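Quick one: the structure is below, and I'll ask about it shortly.
Per-chain residue numbering starts at 1, and chain names A, B, C, D, E and F are given in the order in which the chains are listed.
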């Protein structure tokens, strides 16, 4: 009978909290959007599935051994933890949890061994998260693969479109102001590190967003990643109204001259040029832009095709599977169901909107000073969201002028936006860490 | 503290956005320099053709080739 | 001269024990069976090769740094270990070994650093085992890949074949009774955890068996994995006599109606349904069935084909290589050459036999209550051993009736058996851990 | 202790086998429900064809395609 | 303003040392050689790029958390480290560094946690190095892949060419003598372990060289790997003059009889024979030769083609990417710009030369005792440098006799050289470690 | 110490080179034995053909096949 009772008390129906039920529904919603609506399925299928796994009651898949031990809350375990943390024996669970969260890395690693002594172990998704994201490796490897899939030809044919990619990053920083404003008004409790991590949603670039938030605000990573990928999928809905509002019919009809031919040598030299500028000006962006340029160099140099193929296929796919499941581990109910998540979702869409607007306005500004007119619709592609935003530019352009193919022209600002948000990521990580954030 | 977080946000905005613009401006200049240097001193013997289609990062197999291969298989099967 | 003597004293011929020689012969036998007799070669080639490597005398490839240090048995090392373990200085090697094996995780990790201080390091296969199996990751990744290669169509067309997959799991539990009976009679010294790990051989599913035994009885893992894969390869010999003995000629001739068409949407929904039932009823099966369903969803959803392809190819192949070598590391002579291994081999074949019988009998029982008659030969496929057991059902069926193709009908119970043994694995892990096993 | 291990084995047998049957029974019901729900409310526009061949997990390349491709290559080679 | 000043003081231009500038130039040179001159691009592109990344000032990508903390040199950090190291508080940075470098593994791991407490973390490339090379895994996996790409057919058709592969390893040991000689004369400060690691350059085999130097002389690994791969790429320039000088026109014209047909069964048996000899005679070579034979067995046995394909493609490519970047991490200026590097480069080319000469001379010696004459030009292929050296033999042979195709004949000694240098690596690791090197 | 490193080097040279030769000599003998054993007792039914081309480790796709496939695609494209 004990066993039967035990099985029932270990079953999900007995243990499930309302929060977990909500999060399982959220996971199913993400799967629905990914599969039926084609919302960035490569990421949202693993994230949604991982989110459901993380909320299976009693399985503790997203918990560390210490979390599991604290959840078990056996008196012996709590006493041992309290001793290690320098609390008095008999401290409350809350006190132990609090002391653990503020303990130094060495004390935490001691508790981790202690939890193992009591027979607790890390959950599967927690291990995936540690290896893939906490180490920083998965976003960097994906960025390398993206680099190996990126063609800088259109950008090299018209380098001044880099300015469009720069302007669109204003979405990032405006969002940071929004987040600190919410904190100032007392609506939310975002630290400056949180604000920076939320801002990066405006970079419209998944791996960059995950990399930054894993460093600056790991507890918000789930919400930030979900917002970033969802809004990237929604770019065809978010951007066109803004683009139309800020441009005249005439401007949208501007036809651009065909791009010049770019030689193989220029394409090989470009990632090296970027790398050297990073080395000279912005070391803090070196991991992200370094891996990106490495991927691109492998693609363009033509002598390591087998490495480039692997970076674009097996390696990026394997990494994506584990990255997605790991992000899903951050959709555990106790972390995700927080008013902050609503703040993040609200700020994220503002970030996309402002980035889009600034890209378009920058294109109009540049037209004031330049002979070769840009069609301002390609400015919106500067937010990145590769290649979706460039396709949106093309589609809106075709509405105004059915003979005007903007796709290639929009690819320039599109990939410029990737570089732009990696630069913004680097400077934010460096500044926030020196602010003691 | 409340003042300070606004101040920190403004700092991030100014220096962050500034760095992005400075870096990309330098990159524009460096790229133009690099391109003109290469086009002047190391022109390609044969002019390469720019790819006619955009990069589609999420699709690793050229769909046209796929179509051709499928058609070939189909044809072969029909013959049997 | 010292060097020459040293080389000779480090050579295998000087150091080899009879046990190692026997185990090298066992490794060669496994290679022979895999290569010449096509016995599950994807696993048995790496396992056999790894087994030979693990028994190379002096190379200590399967030993941890601490094992190597204990094997070296230098007095300084022993004194340091004894001090850490709280023994008196001058304790015998046996006493130190014994204390180490019973020490807590934190003390073991201290000894590990101490061994490194003395210049010892983990062997190559030990590292593979730690990363691939002790972490639980390799069996789960393989299970994900298997999920991505599984077609639930035949099962969805005839869901009641799930009962056949359930019945065949009786082989698991009957074997547990056999193992505890051997313990009761004093023939063997199996704990309840050992018994559960041995029982899972009857699940006829490699990754499930390895996952369960890595958690419940790591020291028996080598024998269990070898038994599981060998008997899976022997299914064409083990099953047919049992199937013939339990059925009449008439029953074997039963012709089944063609399976209905199953829609894409049903195939997408099925892994999600399984996942939700796991979440509600059986959280302890979440890692295994979660990864399995994730793989299957990636395959069926149609929007992440590149991830599904990688899960079915590069990722599962890489994992298989390291899983196989890691299992091989558990074929070291001092662990494998134990009377328990004979017990495991004997119990394993009984497990297959009973599972087969119960599947067939269940089909006959269901025929008593149902209008649509099942050919009882498909019941034996419920043990899983995918796809071998289904092929056996088909072959035995063709002997009785050359027009009767049972293959697709047998695929239903066949994949049901995979789910069934994963469920059994979950409930056993949960129950044994709460028994303090 | 000797009694107890038998008792533990019996417990595992009863509750384990019971859980397997309960779970798979619930799964049969849930699957039938899911299938009838989907077939009723979301029928496929075009009826899909069930795969004619069983899954062969250990073989990742469709052998028929392989044969066709090989034949095509052979033919091409003969022409040269 | 503080922020602006901070950004400038964190920029590369402000922080860059002349050494780093030189090393970035070296990295660019390696990229140039790899891309434009086709110098072993699969390795030298990642190594060169990694070398540049490792020298980005301020990014500390190649530093451990402790290195970064020592570089930061904050008084609190130094005080804490001094305390852990048993130094008096207020010890100089130099004293702390020195004590750290000589500390035991357990103390180092304590410092590592302490550095994490102060907010320092390992650099990206440092992590790659730890996982890929310090663990020994990457060179072994690459060796497995090379095994899966090697055809021992030509060697089996003419086994006595193994002697050519043996003779060419004299380059390794002559170089060791050169290195100890330099130490004896006071020109350099090479330990016996350093000398052995440098000697292995003469093995003309990348993964073997990286494996040996990661164990015996990790601080020299960068220079040794760069030397090994560069000289392998230069084999077409290094070898022909030596080959011509040591042979007569007549000898170069010797035409060899066609190789006999080798059966599948012999090819399957060969890696097993090698493995058993390793087990009996030379356990210390078990990791390298074990993985090599395992790869070859997977290729030849014909029943695990999917594993063999993965070992030859996805797995070896992924490993190569991270191995290359990790080797690049050892090109950090403070380690690489050392007179020792010049010594290594000088000794390395001598090693190639001597190995080439000994291979040719061995062939001439064998001709004195054998009826079936060997063309001595195939002797030079015994250094390995697969398949470059065999192609050089063929090309020089064609110069002398345009009808004489030596390629297949040279493949025998070529792959024999791989076995030979793995054997040499095993014996050296074993001997040097017992010398307390 | 200075003496000793020379001595250690000589030791490495002698025992190292010795081991290499002994090991490879034993391997020659073992290989010859293995080959004659297999050729005597387990001859292949059909004589296999030695590969005509050398292994090219860095090139995983057979270039000839590649050429044929490319040609086939080209041909198909021209027909369209």
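Everything that follows uses one rule, which is that a residue touches a chain if its C-beta (ideal position, glycine included) is under 8 Å from a C-beta of that chain, and two chains touch if they have at least 3 such contacts.
Please read all numbers here as calculations on a predicted model, not as lab measurements.
Trainee: Name the chain whose C-alpha centroid is farthest from the C-alpha centroid of chain B.
Mentor: C
Trainee: Tell me, please, which chain's centre (mean of its C-alpha atoms) is farthest from the centre of chain F?
Mentor: So the farthest one, by centre of C-alpha atoms, is A.
Trainee: How would the chain A/chain E interface be labelled, same or different, where same requires over half of its residue numbers to be shared?
Mentor: different
Trainee: So what's the Cα centroid distance for chain B and chain D, whole Å?
Mentor: Whole-Å distance between the two chain centres: 41.
Trainee: Indicate the whole-number Å distance between the mean C-alpha point of chain C and the mean C-alpha point of chain E.
Mentor: 38
Trainee: Approximately how many whole Å separate the CA-defined centres of chain A and chain B?
Mentor: So the centre of chain A lies 19 Å away from the centre of chain B.
Trainee: At least two partner chains per residue is the criterion; list those residues in chain E.
Mentor: 3, 7, 42, 281-282, 306, 313-314, 427, 431, in rising order.
Trainee: Listing for chain D: what residues touch at least two other chains?
Mentor: Within chain D, residues 11, 15, 19, 58, 60, 72 contact more than one other chain.
Trainee: Taking the complex as given, what residues does chain F use to touch chain E?
Mentor: 2, 5-6, 8-13, 15-17, 19-28, 30-32, 34-35, 38-39, 42-44, 47-51, 54-58, 60
Trainee: Can you list the residues on chain A that touch chain B in the complex?
Mentor: So the residues of chain A touching chain B come out as 42, 146, 149-151, 153, 155-157, 159-160, 162-163, 165-166, 169-170, 172-174, 176-177, 179-181, 183-184, 191-192, 195-196, 199, 259, 261-266, 269-270, 273-274, 277, 281-282, 312-313, 386-387, 390, 407-408, 411, 416, 419-420, 423-424, 427-428, 431-432, 435, 437.
Trainee: Once bound in the complex, which stretches of chain A touch chain C?
Mentor: My answer: residues 3, 6-7, 10-13, 15-16, 24, 28, 31, 34-35, 38, 41-42, 45-46, 49, 52-53, 55-59, 61, 110, 113-114, 116-117, 119, 124, 127, 313-314, 317-318, 320-321, 325.
Trainee: In the complex formed with chain C, which residues of chain E make contact?
Mentor: Answer in residue numbers: 104-106, 109, 135-137, 140, 144, 268, 272, 275-276, 278-284, 286-287, 290, 293-294, 297-298, 301-304, 306-307, 309-311, 313-315, 427, 430-431, 433-434.
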